[in-house]
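The same chain A turns up in both complexes below, where it pairs with chain B and then with chain C.
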Partner chain A sequence: MFYVTICLLALTTRVSSFERYSENLDIIHLPGNKVNTVFSFTSVSDNVNRQHFDVLPRSLVSILLNYLVEELHLSLTQGLWRDNLWGYSAHSAPPGGQFLVWFGGPLDTINERWVNVRNSISGITCASLSALSSEDTISPKLSLKPVGLTSTKGDSRYMRYGVSPFEVVCTENLTPWLKLLPCGSSAGLASLLDASKLYDTTYHSLAVNVRRVSCEGCSGPGWEIQLTLSLVFSPPQLSGRKDWSFRTMLGKTLVHSCPVSSSTMVKVRTLEPLDALEITPTEYEIISDREIVYDAQNITSFKILNVYLRFKNKEITRGLEEKPALLAHTYISRVSSSSSGHIVSVFTNSRDQDIKILYLQTIPWYLRAYIHTMKIEQILPESKILQFQGMSLTLAKDRSHPYTLEGILTVPADSTIKFSIQFDPLMLRWNEYPPDAHHGRSIPSGIVTFRDGEQVLRLYTESPLVYLPTPDFSMPFNVLCLVSTVIAIVYGSIFSLTTKDLVCIKETEVKKGLLLQLVTAIRGLLKKERAVKEGEKRETDKCTVEEKTESKADEVCDSESNETVKIK
Partner chain B sequence: MLPAICLLLLFCPLSAVHTNNWVVIADASRYWFNYRHAANALSIYYSVKRLGIPDSHIILMLSDDMACNPRNPTSAQVFNNRDRHVQIYPDDVEVDYRDSEVTVENFFRVLTDRLPEGTPSSKRLMSDENSNILVYLTGHGGDGFLKFQDTEEMNALELSDVFQQMHEKKRYNELFFMIDTCQAGSMVLPIKSPNIIGVGSSTVGQDSLSHHGDHEIGVYVIDRFTYFTLDFLEKVQPNSRATLNDLFRVYSTAEIRSTPQYSNFNLFKTRRPGDVLITDFFGSVRQTVLFDEQIAPLNRTVLANNLNPNEQNLDLQLDSVPQLPF
Partner chain C sequence: MLAEFLVGVLLRLSTALTPISQWFEERVEITTPTSSWKRIEEGIALKQFGLDPYAGDIVHEPPLNIMLYSIISSYASYFFILMDILSALLLKESIERIHKNMVDKEISQECHSTFEKLKMKLNERTGYYSLLIFLFNPYSVALCASKSTQCTSNLLYTLILYGVSTEKVVLVALATSLATYSSLFPVMVLVPVLLHHRDKALSGITTFVVSTCTLHYISYVISGYSWGYLESVYGFVLTVPDYTPNIGAAWYFFSEMFSHFTVLFLSVYQLNLLLYSLPLSLKFPNSPPLVIFSLLMVLALFKPYTCVGDYVVPFAMLPLWLHLFKYLQQFYIVAVATVVLTLLWPVLWYLWVHCLNANSNFYFAVTLAFVLFQSFLLSDILYAKMRRDYALKNGIETKKIDGQDTVVTLN
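Showing the complex of A and B:
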């Protein structure tokens, strides 16, 4: 025991000097009997230019330093956060993968550094970010400003943003993410994570957020690395009842808290007042009538923590008490996969005052958007044409970059606004289609930024699927084979005709094989013999006609000799 | 005397001279109904990990996400047997190439290490002339090709060329190539590079069949050839003396319902399959060298200065900026 205390003391003293690490678990009840579980692991340090780190993930820090990164946000999300049902999320993210980097340092090397950061981060998170090409990368001028301290003054040339709506999220992403934590998955709140429970949820979003902060007790601007995991569970699907516990929801209980963590807090926020439910264990502090907090570090020192909520009221709360101020949705309005369509975004303001929003929409280059068809109109309560109060537009370039459209809009009180733009799908080159081409392609979700009271909120809309006209993939292959064969035949013969030189070669120069030489020699001999005999014959013919019988006998002999030649 | 020793060395079965092990596993099939191919690949992944090859030395390529597929009733889990006693998608799984990243081009680039600059080391096959490499492929194939992602084909001759390149670039000491696909023999036969043993699940003209299905998952969960390979590997321990011949003996035509096709064993110059331990390819060599003297620690200050010369620039005038332009 004494030894353990000394170890712990040594650890805590080492940590408190320059690095701080804390763990938080927020369990928030959502309407419709959903439970939002948010794990966040935060490390802060004032100086990262070191060889040794106690709690900061070295693999990540070396990437940040190598490529002069000031801010980095990565999220891998499956499912859609439903603002209209659940209210706003503090950890909102678009479906699929999202990667945002703010760079410091010189401007001219940013493209190169972006590629390297993407590759390195995809290596340490097992995400297919390397598939994010320039086709999916944008640098919006007005949106997505750095949330931490920056030397760039928010100049968009220093940032790169890429989205891949098709990114799959699974265990292989969780594993390396857990490795970035000082205690890994062996102790602390991360030990509650079990892949088979985690990926059986309605929504899950894994994130890595790095920013520069001015921290308390730091000598200069510090670094904050926050890893978050937001999940939405549906307890009735798990246990058949509204009650839940760590064991039923996560499949595990908290046995050890991470010894290097300065605090480990478990917060529970319910929709019903606390007296309407029974909570165990009882070692909690009450924050408000609907919120309690556990100091998990204290509790786990003497027992296992398994938070258990039993509801006296079996009724399921539906609907939010207060409607969210602003809701945004994006959809595609279209007839068939080859016809033109509209990208439509709808914004609904349910407050009694105007809300000014900043809207960002990325449209891939293969959807040819017609800027002149862009239309903003108020559809409810009355129909009225509106205008952007400011906008920034970057046109797409084929196979290079997408359209980036940003606009400032005022959504009038209690009204709905519709933004639409017409597009024509392009026919891609046959090898540019993804493997599952008939599935269609998702366009990046729209991002809406607005001020709600003091805080600035960011909403992500749906990323709708667009069907692209797809060719018959076996056809180009066949055509290619056929055409290549024809070209090979035509080209081959023309090539040989035009490049071959016809030269006469003397017979004597031709080298003959041994057998051929023998045959020619014999043939030559025979020819000679025959020529001699014929000469003789002619002579005898000339001389006398009486010796015919003899010559006949000669002929027989000849034929014999001929036969012997044949036999040879 | 010396020539006698040389001769003796020449004729004695040489013990393994490799110093490191690498594994490349690729499942080339997309779509849920090809679950068994992902399970085949993951079974081999599971075995090599169990026998001690670390994730950093395994390149795993999966064409589709089966574990977190919405159709999978057991989320984040993959099973290769209806008994479900082994979950082959472990919590520490590392998939290096997935979904549309699994292409013939990427596969060849990994083998020949012609990858774009900045590719993370986890996605690279960093083998050398002392490496023993296991290459395992599974998917749908035909006479002379293996289909990738249902859109492109890997030609058998291309593959044998790539192996030849690997040989010329001194990227392996010995290579064991396994392929489980229909007409797999056609992928094995063109291989002409030295020190490669290849085995395909079936000869040209034969189909490779699946072993059994799981009614709850709703699809076939493993192929016959891999099933019997795995059955054999399950009995192998890191210190096992089992050889490749023992493995080849389990491939009975009656059980796998196809005739396995081997490459020309004469290619394998130094040893006979009976001398090659299973763990030379499926296990990992971890030689520990003990030093008596203390090793001097690296000079920290030098490294810290080299770490990032531009670090001081980062701390210049950091301000917060407004989130909205209005």
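Showing the complex of A and C:
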């Protein structure tokens, strides 16, 4: 009885320790009949270095503690968030994998810890972050700032950032990601995730965000681990209707809520006023005229939750109410006469006031970018040369690190400006190409940071594909042999010219190479045969000649006789 | 004379100041990572940004060169035309002198009775021929139009030749140290000259060492008391980390190399390049111009970042060997191959990089064939020299031994 009491006491104290877990699902209508569903699972805990956790994923926290990580952001994204069509996203991420870590602790071990963190996180998310070598790692000074509490006050030397645009996101990343949740995929909002539906979406972004936060009543800064999954669905338009439900969109309904979760909220935000829609079940709270929320923690009130949204009027199509303040795009333009090209970024300000932006572009070392060709110009409404107001530049070093270019720019009101820089794609060593070498390589997307009203926004541009000249991968042996042969020919001829002297010898004594000897031998044989044949022929010829001479002699005689006759 | 210069300058102006120069600047056969003007511009720009040009991997010219080019950068085209004109003048002067020296030396030589038939006649036009070859060689025109810094190296090579022709060892040492400062390998040109003028060898070596040290000390000072440039300038040509195609064989050789063999083959390749100076100088101790010609050819063949510009000076030296042409065996083949392969470069480059129809092997085949044929030219001229020397000594006609025909062969 005593032990039971102790156990119960221990349980109650543990539950009352500072670990909270909550789940949220935001369903946001986007223009163009798209639905953005954002799942976010947030765990918060106090700063206790203990061996047991209730809701925090231990595999993750032990990595954080082991390598003195203070903040970590990982995103694995497929597709591109279209700011111009959908507006800004709170969970925007560049295409491919993105990994950002802020470290604490001593500065000199950071590179080593960065490698270890990369490998460990690769392990628990099944992502190929380990392929993110130092060649792709940068520490930009201005663009990336910590969002949580750090002991280093945002000193960029404590930060490592890498993007691998070629990272392919798949269900093998989702399964280990779900295992980081306290309820896994068996209960709660995560049970709505069906891989066959998730990878059928236009945009898919899986993220792990860890930061230090101050928590009330804690002894120090606590951990906040947020796992988010942002998806953009195109719900099937049945008979011209844009209606959707959990079942049609996600393929599942919510049956159980996660018991350790403190709250489970399902929010729906629409572009149309609520009275144009019919939403079931009706046990929701209205937040505004376009936003409702379900408290799904107490699932028993619904039995099962299958939110179903039906448009009363089917003709409604709405675009964005307000154009995004700033749009950024990156593309590659090729110079026709050569293999070199330009990386071009275009920024469009559609507001009536200037916007100050911070632009970060990473260029891999295998594209030789020429800083003197960097050009910033206003192209609309009038053409004008501009300058960076501040710039930080790190030059690339082959097989070591990429170019990092950060610049502050003012995009004038209602105008478009263009940034361009020329590059030459390099030919690499044959074993430095990725397996699908002829596919080309994607360059990391640019990051644009700016302030829109109160909030600081971050946009990611496209990551364009660049074709690198490739060698023939089946040739190493051949090339080695061919070039060595040519060197040997030059070396051999000069060697014999410098070490030997010209002498006069009998033609028969000339030393011949093996090949020449063979040729002479064969020729000799042929000659002999021919000689034998000719000998025979000559004999017969001789006979005929002799005969001929005889007949000729007769003729002569004849002619003579004729002549003599004539004379006579 | 004046007319030829005028036409040469006009030809260069018409290519350098028209958009065609842009095309030449992008050609990998003409500009290499160590000589392209684009990289010089980058170095100048980086300095203006307050960055160390050698922090990146673009600039491979030493600091003093960057300084020189930053002064003339706004009229670079004219500067390189001027370099070419100076080279042409020096070349004509030195080729004429060398030719005269050769003729004089041959007269004083003890020879066989049939010498009269072989005798080298003083040809007043030898210098003029090489001037023509230099001024109207398409390689040279293209090089000048592309603003390649190889033009400056070529001027230094002709300066070396001038030094050789006037027997001024100090001048040769000075020019060699300048050329070596830019691209390291020309140092081997010093060997035949020093071996020929043994009495002046000490002053030559002293001049070379002192001027090289001075150049490097000044570079060290102007690059902010840092030796960082050494790795970017000389480490780059020694370790060959850039596989941008060129007309040599090194780019594909090292790009296709198994990584565990790289060090071995790299050292063999570079040793091969530096190897020839001593044996050739010992074999032909009395004709430094021939050895210098051979070394410049070897440099053009095996320099890791070679371009058509490297062949300009050796080709312009060909009129010196007119008396050897009787004994050349492959000159016609080499000449035809040079023209054909030169025309094939841009074609196969286009097919590989733009159309993606061909692959790198096509381009490599052409560059390798070019190296092979030019090496034939080199060994052919060396053989012809030996054969003619033999004929001078032993007569033109081959003797008969025991009534049998004989041949002259290397043994």
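As a convention for this text, the second predicted complex is superposed on the first by the 443 of 568 C-alpha atoms of A that agree within 3 Å, B and C clash if a C-alpha of one lies under 4 Å from a C-alpha of the other, contacts with A are read in each partner's own complex, and residues count from 1 in each chain.
Here is the rule we use: a contact is a pair of C-beta atoms (placed from the backbone, for glycine too) under 8 Å apart; a residue touches a chain by one contact, two chains touch by 3 or more.
Just so we're clear, the structure is a prediction, and the values are computed from it rather than from any experiment.
Enquirer: Looking at the overlay, does A:Arg429 come into contact with chain B only (first), chain C only (second), both, or neither?
Expert: second
Enquirer: Quick one: classify A:Thr171 as touching chain B (first), chain C (second), both or neither.
Expert: A:Thr171 contacts chain B only, not chain C.
Enquirer: I'd like to know which partner A:Ile408 touches here: chain B for first, chain C for second, both or neither.
Expert: In the superposed model, A:Ile408 contacts chain B only, not chain C.
Enquirer: Once the structures are superposed on A, label A:Thr150 by its partner contacts, choosing first (chain B), second (chain C), both or neither.
Expert: first
Enquirer: Answer with first, second, both or neither: which of chain B and chain C does A:Asn119 touch in the superposed model?
Expert: first
Enquirer: Could you look at A:Tyr331 and tell me whether it touches chain B, chain C, both or neither (first, second, both, neither)?
Expert: Neither partner.
Enquirer: Which chain A residues are contacted by chain C in one complex and by chain B in the other?
Expert: Comparing the two interfaces on chain A, one with chain B and one with chain C, no residues are shared.
Enquirer: What does chain A use to touch chain C in their complex?
Expert: Going through chain A, the ones touching chain C are 335, 337-340, 365, 368, 370-372, 393, 395-399, 403, 424, 426-431, 469-472, 475-476, 479-480, 482-483, 486-487, 489-491, 493-508, 510-511.
Enquirer: Name, in rising order, each residue of chain A that touches chain B in their complex.
Expert: Interface residues on chain A, with respect to chain B: 49-51, 62, 65-66, 68, 70, 78, 104-105, 115-116, 119-120, 122-124, 126, 128, 130-131, 142, 145-151, 153-154, 166, 168-172, 174-176, 185, 194-196, 198-200, 212, 220-221, 356, 358, 390, 408, 433-437, 449-451, 456, 473.
Enquirer: Taking the touch rule as given, give the residues of chain C at its contact with chain A in the complex, in rising order.
Expert: 22-23, 26, 38, 41-42, 44-46, 49, 51, 55-58, 241-245, 249, 251-259, 261, 265, 268-269, 272, 275-276, 279-280, 282-283, 294, 298, 301-302, 352-354, 359-361, 364, 368, 371-372, 375, 378-379, 382-383, 386-387, 390, 394, 398-399, 401-402, 404-411
Enquirer: Would you pull the chain B residues touching chain A in the complex into a rising list?
Expert: 30-31, 63, 65, 67-68, 74-77, 89-101, 116-123, 149-151, 300, 303-304, 307-308, 310-311, 313-326
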